[in-house]
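The same chain A turns up in both complexes below, where it pairs with chain B and then with chain C.
For the complex of A and B:
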């Protein structure tokens, strides 16, 4: 008998991501939402801007709506997923495993964000098909980088949320509580310039703000590169904070017995 | 070699009384326990509901921090070096929680094989071997939500064994399993022990503990009240026989008279279904059946039986006097 060797972290991440993606695909409810939400968001965007908007304004709006879909998926389901792990008794098993907790939690939200990516693409397609929005892209390469970068950064924000859910049993509600404010503050629907001044700093530290800007500027023309880099930088900061916080939060969860329901 | 060393281990739970008001309630679940388990031993932890068994196990597998005291597993401190402990121990609990319902048994095992660092090359063979052991071969591709309770439990055990743990913690593994399944489970556990795995087991089934355990600690209200081999524990209740009399009517009122009889060690009433049974334990060598029947004169009696003490008798006496 020998001790199990240390698991390879990239493998754990990849296998975990696939595992959670598979689980998400098994829920009929989720599937329906993922088909309906984009439609719903695209429609909101159209009616917000559609009345007197030209084609470019509509593209601006539907990009916002599609990123909104990603964030909604990650914020509500990402934190809910950890709560479900607690509820079904698997959270303890995950903690009892020898791999770092962060490497178990990260795939949960990145899988969710991947589903969100799908919703993003469908929102744009809905816009094209239903409302005839012109979806031609100015900087295709930067667009192709900005979209996954934004999705990943949103996944990292969800990861930060899920780390707190491990410690606080009621923190899963945070995900729902943050869903709407982040929509607004990140400028998904309305430009952040119309928000009060004191909100600005909050927008700046939210990676989705820069992500959605990068996507918009690469689609509509502009200088998306700085936005893209800021989005990636913030995403990395979230990741590092989450990884470091996870270990101390786990210790605190062990002290406070918050890993299980009983 | 000592595999599990527990000394003065304590755990207090603090729970908020309500989210709105200040103040908290404290439960001292484990009140300073000491025990040691040697390599290859099958050690039983017995005790009533709420005695602190699960709490003790969760401290040993690093899910809970002790409030004070210390615990070492395979030489690693559970507070200082949790990852080293996690790599070498397996944990299986009873009941049907702890599985990913929407996915298949195979998916569940693959995922945990990865988390427990089973090398990619060995995973396939190891999982096939465990599916065979768990009697799930052929049904591994079905979703867990369609599994019966026994299948889930066997899947749990397969999961706990993926990384060939040196120490296995089994918290009520036989709960809700049918008699045949429970017997198979006992064989599996005995085989593991014979192959050298150290096992810490909790159960509420005394015959199971009697059959399996090399040594037992009885824990009640957070304290260890007795420790020894099953035979030693049985001899603690004395070599005396046990008389059981089924009664219809007010059984409680005759207890003082029974306890006053010479040769009687204890007399208690137990509910068994619709009837009440008076259980009288005799001093070693004493013959009390005649006296007991005499004292029960005038009460309508059912079945009368005399038998040798079992582990359950020892357990009940230890727990009640605790």
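For the complex of A and C:
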């Protein structure tokens, strides 16, 4: 089978993203959970910070909490993305498609991260309507750029996760286990400075850390550009490593005839 | 006498078989991330959140979240042991037998209670070690008793969840939502007196609220006799949910026979 021209890859990415976004939007139950789940944690954060906190602290928590849903949407579902295709018997078809496997998988996790935007908006509205947290944005243009950049970077992290745990039969459970630690280590609700010193290098290699910082700096007033660039840079690194890992795993699966085995 | 022996067999053996066969998390690849990593991550998240907000002590968050995490097996496993029968199309066969319903369904709760108890106990020990929580040695056994009662109580709510699985398709989503409600309403992370009044009025009617309060007092050095009120209230709430769950199971079974909807999704 001949490979498709490189020009068709952007189309595969765009169509795949739209296709998966539509599929993910079909389940009302999952959609409700996607929105409600981070709200429970955000509510607790608002109550705790609201006891003695000032408006700025609450706004800090509100912005961080809003990004939690994006990671939640990716961590569990993204880690099981390849496994799910395998269970449904569609993985062989995806592998046989005349485009790199990565270009078929990447739209799955970016669509999941995009679905997390519902949760982001809902959390900000929840904070505004129930806790009176007024989200005023100092740099609207940078904010408008920081949000999709963070979503994209989280999607890339999900893509990397999905290909690295492909041999793990219960990848969804592993993804579940990553959900809260990434919230903590990336400083969504808690400043990284209060975490133990050994945790900080882990925070630095996580794109969500820089993404949420860029969003905060854009909203609260600051210099979000360096954080934004770091977020995008890390996202690109995840993409490159993920592409390499996907091809390597695919070669191994073809050699051992283990593509459909889990 | 034979009826009693049969009911006892259904209660114990049926419960264990159902748990082993239908609780599809019985794999270390799922158990370790879900029951061992999950609760510790939750404890860490909220303990650091508490530190950042300057609210309550590490002990407050360790005890609250460790006990609350019993809800994961209690809600999900209890729901799965009945909901999965429906998914696998074996529930109709079971319900067509003359087995008495009380031991049939309650027997499934016993391994689940043990599972919830062990998860909470593990979380208490490891969470306590991470944050160097100082709990008097005399409180270990009473806290274990409170944890067991809280697991029973939460499994009562799990039985309600299981009954709903005869009606709704997405039991996992339902269990997740109930887990979140318990997290917010039961004083797990937010002191009850800091919640709005309407939430405070709901809390006493939910499992875990009294158990967590009792465990915290024991960890602070209170005697077992001083928390028996909380303990009885926790057990009472659990018994109430067991009754509601059994009544719902009975009603939904009757209705699914009448409308032939047992295996309709």
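Annotations for the structure displayed:
The working rule: the second predicted complex is superposed on the first by the 237 of 262 C-alpha atoms of A that agree within 3 Å, B and C clash if a C-alpha of one lies under 4 Å from a C-alpha of the other, contacts with A are read in each partner's own complex, and residues count from 1 in each chain.
By our rule, contacts are C-beta pairs under 8 Å (C-beta built on N, C-alpha and C of every residue); 3 or more make two chains touch, one makes a residue touch a chain.
Every value quoted in this text rests on a predicted model; they were computed, and no experiment measured them.
Contacts of A:244 after superposition: neither chain B nor chain C is touched.
When both complexes are overlaid on chain A, the residue A:176 reaches chain C alone and has no touch with chain B.
Legend: residue contacts after superposition of the two complexes on their common chain; A:204 is shown touching neither chain B nor chain C. Of the two partner chains placed by superposition, only chain C is touched by A:189; chain B is not.
In the superposition on chain A, A:49 contacts chain C only, with no contact to chain B. By the touch criterion defined above, A:36 reaches chain C but does not reach chain B. Residues of chain A that lie in the contact sets of both chain B and chain C are absent, per the superposition on chain A. Residues 1-7, 11-12, 15-16, 19, 22-23, 26-27, 88-90, 92-99, 104, 251, 254-257, 259-260 of chain A are the ones touching chain B in the complex.
Chain B contributes residues 13-14, 58, 61-65, 83-84, 86-88, 91, 93, 95, 97-103, 107, 110-112, 114-120, 143, 159, 163-164, 166, 196-197 to its touches with chain A in the complex.
Residues 29-30, 32-33, 36-37, 39-41, 43-45, 47-49, 51-53, 57, 168-170, 173-174, 176-177, 179-181, 183-184, 189-191, 194-195 of chain A touch chain C in their complex. By the touch criterion given at the top, residues 27, 29-30, 33-34, 37-38, 41-42, 44-46, 48-55, 169-170, 173, 176-177, 180-181, 183-184, 189-190, 194-195 of chain C touch chain A in their complex.
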